[in-house]
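You will see two complexes here that share chain A, one where it goes with chain B and one where it goes with chain C.
The block that comes next holds the complex of A and B.
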């Protein structure tokens, strides 16, 4: 099992290197350390959200409201900033708000047993709608934001901006959380076999709730980073980003049926998409082609994941017990 | 009561509750999801006619039907797909691709029948592609269709960039703007015909029974001789075809094609299906439910539109409706026990 996981991540790493090599042949400056650092910074929001989405998917759920939560928290950050609230308080506020938004999703899934795809489909439109109610559709533009607000994610420490350091810190926290804590094991247990999880004393609902709170919290934090970095906030920021996030997870080998995935995989899945997004214009491929190419990347990744999971020799009846949106192999 | 995981998991030892005697049919019908939804629809209808004097005008109601007919005809096919335990998130992208294909053909001087054929064929090809990946290769449909959603719409973006196809022939406008009889537009008639066709297909044929069987237990279905993958493939084909038809109507109604056409339709279609009482995990649901859900969504949007409520506020209400109608019965059940 770990052998397959390891080799899957190795293959993904090779794919990323191959992608970089391909781009470098056309445009060598792309792989200069400075540019790669920029790509890494650019991809940081995707990496952070992919980790949040990963824990949700691990527990057999999905969070389609992640981008809407990001946008709502980002807008609230912008509004607080206009009201003159200091950065530290804003950071705290968006994290708490994000956690609350995630908790709302989580409660509906946990206490009422509503399928997560239905819950988050609903909250995704509700959260975005709330932005409109807060602002009446107005934008917050760069000149309305205080210089400190915009400068924080860009401030350079040891050659990387703060945003990148936050991403690195979150990856490190996740590496510990997922592999070294009871909660981390619970995510895998709940997704791998809910029945067995219950018998070992793990509450399925509570674990799913925790996953949603984590994904909401990360969306909240990213909301501030996003708005401050791009120096604009409006209703539709990060529109459709939830699909990029799911795509990053899928490319990173997180099984959509739950129970399998890794921090390294999710990070690399996000990096793969991020590098592609940055490289296409550089090598002269129309940015309009990006959507089709990421579609193909997702399909290839799923086909590959399915092949490697089939090698595990799953029992046919086990699949019948767990009716999910997964197709039978 | 179903949840994302098997209910057994959260309550060990409590199996599915099978009553020892059946409640009379009319009593069951009264307590059904469709009846509840129908009551909601009637309430919204009455509230709307009280709130705005313009609501009860037949022509206004006919105009209002345009904002749900295209989504509803996809929702019928999507309902069957979801009952069978699959999902297709690429329907809006299929519309974009089919519309782009028709635009290309139009630029090359194709006649109206050819445009229609191209729209239908593109839908079928996209559906077949989804069906092949899911039924043929055994990949999970939710991620497959997230992928094909990017792929199909991505192709539309490659062809069109930030441009648009305009100048469709006048005769083509009939599908989205023409009337068959009095206030009954082509789209409204199409909606009614498709409701009957899909209602019969799901509730009165062997094929329909098999769809339920697959949704409840695909493995048992396989052992009972149901050709599970073939039916799954056909369902994707049907959903693709309906998306192609919707593309024809929408393109004809708008008179132009942009790559961003029908953005977000997939979520509204899924909302319609779930609101109609179809279990998102498969195995149960009905076409009449989806029909009423389409009417509810159409009435809500139209009524709020008459009251000058902005579109995004309507989407909050649709979102709240989706969660509310599913949460309320469960909350009620919890409060009673």
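The block that comes next holds the complex of A and C.
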């Protein structure tokens, strides 16, 4: 398994390099370090959310409300800023609010046993609706935001903006969380075999709840970063972005049936999509063709996923031991 | 007198509707059927009798076209026939009513009866009204007063059986297979089923009746056939045989030498269960398990053994009764409680409940012990590998590396990983549910050897097994369960195959 994942990540890395090479042939300036740093910053929200979505998908769930949570937290950040609340408090507030939104999803999945796709389809609309209730549909524009509020994610430290550093920190935290904590192990166990997880003393529902809280927290944090960076907040910000997030996970090799995925894969899946979104306009491909190309990338990734899991099946069958179980019963 | 003999001769001369001649079926490592013969006669019920693993289910699967035999011939009305698919078997008039009926809960009774061969209108659409009329007629013919238009999920198990039987009749079957049809039925429902079998007989169907229950075999069967370990042992008329003779034919063999049970020093009680009851699965279970003891639980499939063990492991909750470890009363709200109390359970269904395929061996082994291997909330991989190496080497695990995906291991080695996982939690009581089911002989011996070693080290072991040689070979004491209750307990000289089979099947008295 690890072998397949490793080679899958290598293939993804090669695909990213090939994509950059293709773009560079038409538009060499794209691969200048300065531009690549911009692309990285631009893709940071997608990377952060893809990591949150990954833990949810690992546990056999999905969080479709992730972009709506982002929008609601972003709007709350904007409103708090207009009320003169300091940046540190705003950051704390969006993180707590995001965690609560995620916890609401998680509780419905855990305690009521509703399928996550239904729960988050519902909360996705509810969270956007709350934004409307808060603002009556009005926008918060750049001139209504304080300069500090807008400057925070763009402040440069050691050549990168704060937003990029936050993304790097989250990737590092995730690498530890996923591979070096019992909770990280539980995500894989719950998704890989929920029945066995129960027999091992791991609560499937509680683990899924934890995944939703993590996903919501990241959405909350990203909400502030998003609104501050683009200097605008309205009901529909990041509309449809949840699908990009899921796509990044799928391209990154996170199994949609749960139990398999990696931090590196999710990050590279997000990078691949991010580079494509940034590169296609500069090489003069129309926005409609861009959408089609993104779609093709997703299908190729899924086909690749399906193929590798089928191969796994064949290896098991070679042992052919469990077939005898039925035969002798 | 003369007429009777003539009648008997006539029956004897009657040609079977369906016959197996020298049918063989091999799976890797196991010969499930070894040149067996079987004859089914029109208007007669033939009981197929044998222990678990005797090859009964394989016979059903060959008859219904799911498995292909490796050798031998199937004769239908004397003509050699092949059943390459389930459809071919159905076309030849063979139909099966399974242990767990395979029907569709969300479809109506009529749709269930006719799915796959529904009457059509001129335009090729399903003719619902004709289907419902015909369904009603079939149901009435078997004495079932069911509305063909209601959904199946609104029916009880017994009614679902009736629907399955009506379905069998709808394809105009000449051979009806009933695979433990009474396993899930109540007393009253069983009697209704008997009446139904009489009706099918009267219609001239040949019935293959698979059952573990001797009372019902003698109640409704006309003929018997016994298999043992995939081989044909004998057959004849029910009227000319006794229970004792059938039991002897079923179990007649020496206990193998693959059961290296060592004499154990039995210590003080560890687990005491009293009055344990569950609303639907088991009732008034009480026993004491001692340190160093291997306590066998024998019974037929569906006797409630696994259900009891799941309650002892905190997966389900009992309605009444107490469970004590040493002298502490345990309240098991979940599996985590049981594990911390020192009870662990190696489930029967390895694939579903045991190993997490996709995770490497070491992560499977340490999954319930992560609290022990991690420090201040962080995992220590070196510690995990050390723990895994400790336990898997004692079990003689064959794997390329401990980083290997468990899903790529053989069944026997997967079982070793699951057992290692539980041993690593340092339990007081280990419950092994069918620990060697479906694994090869070599791994079997290793698991048995290790079981003895554990008991010798002072662990208390509960072994649920449906294999008599294993139960007798490994246990210090055997509890036999029947229909959710403890039917008998045997130890020492009274642990004989005959006694176990009799207690499990509910035959009064003990064999001499």
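What we mean here is this: the second predicted complex is superposed on the first by the 313 of 329 C-alpha atoms of A that agree within 3 Å, B and C clash if a C-alpha of one lies under 4 Å from a C-alpha of the other, contacts with A are read in each partner's own complex, and residues count from 1 in each chain.
In this text, a contact is a pair of C-beta atoms (placed from the backbone, for glycine too) under 8 Å apart; a residue touches a chain by one contact, two chains touch by 3 or more.
None of these values were measured; they are calculated from a predicted model.
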Partner with the higher number of touched chain A residues, chain C or chain B: B
Partner chain in contact with A:189 - chain B first, chain C second, else both or neither: second
Which of chain B and chain C A:198 touches, first, second, both or neither: both
Partner chain in contact with A:143 - chain B first, chain C second, else both or neither: neither
First (chain B), second (chain C), both or neither touched by A:108: first
Partner chain(s) touched by A:260 [first = chain B, second = chain C, both, neither]: second
Touched partner set for A:181, first chain B, second chain C, both or neither: second
Partner chain in contact with A:121 - chain B first, chain C second, else both or neither: first
Intersection of chain A interface sets (partners chain B, chain C): 195, 197-199, 316, 319-329
Residues on chain B engaged by chain A in the complex (per definition of touch): 1-10, 12, 85-87, 133-135, 137-144, 146-155, 157-158, 160-162, 215-220, 222, 228, 232, 259, 267, 270-271, 274, 280-283, 310, 312-313, 315-316, 318-320, 322-323, 326-327, 330-331, 334
Of all residues in chain C, those that touch chain A in their complex: 25, 27-30, 32, 52-53, 55, 57-58, 67, 313, 315, 334-336, 338-340, 345, 347, 349, 351-360, 363, 367-368, 370-371, 374, 377-379, 381, 403, 405, 407-412, 421, 437-440
Interface residues, chain A side, partner chain C - complex: 1-2, 176, 179-182, 184-185, 188-189, 192-193, 195-203, 259-260, 312, 315-316, 319-329
Chain A to chain B touching residues, read off their complex: 60-62, 108-109, 111-119, 121-126, 128-130, 132-133, 137, 190, 194-195, 197-199, 204-205, 208, 235, 243, 246-247, 250, 256-257, 286, 288-296, 298-299, 302-303, 306, 316-317, 319-329
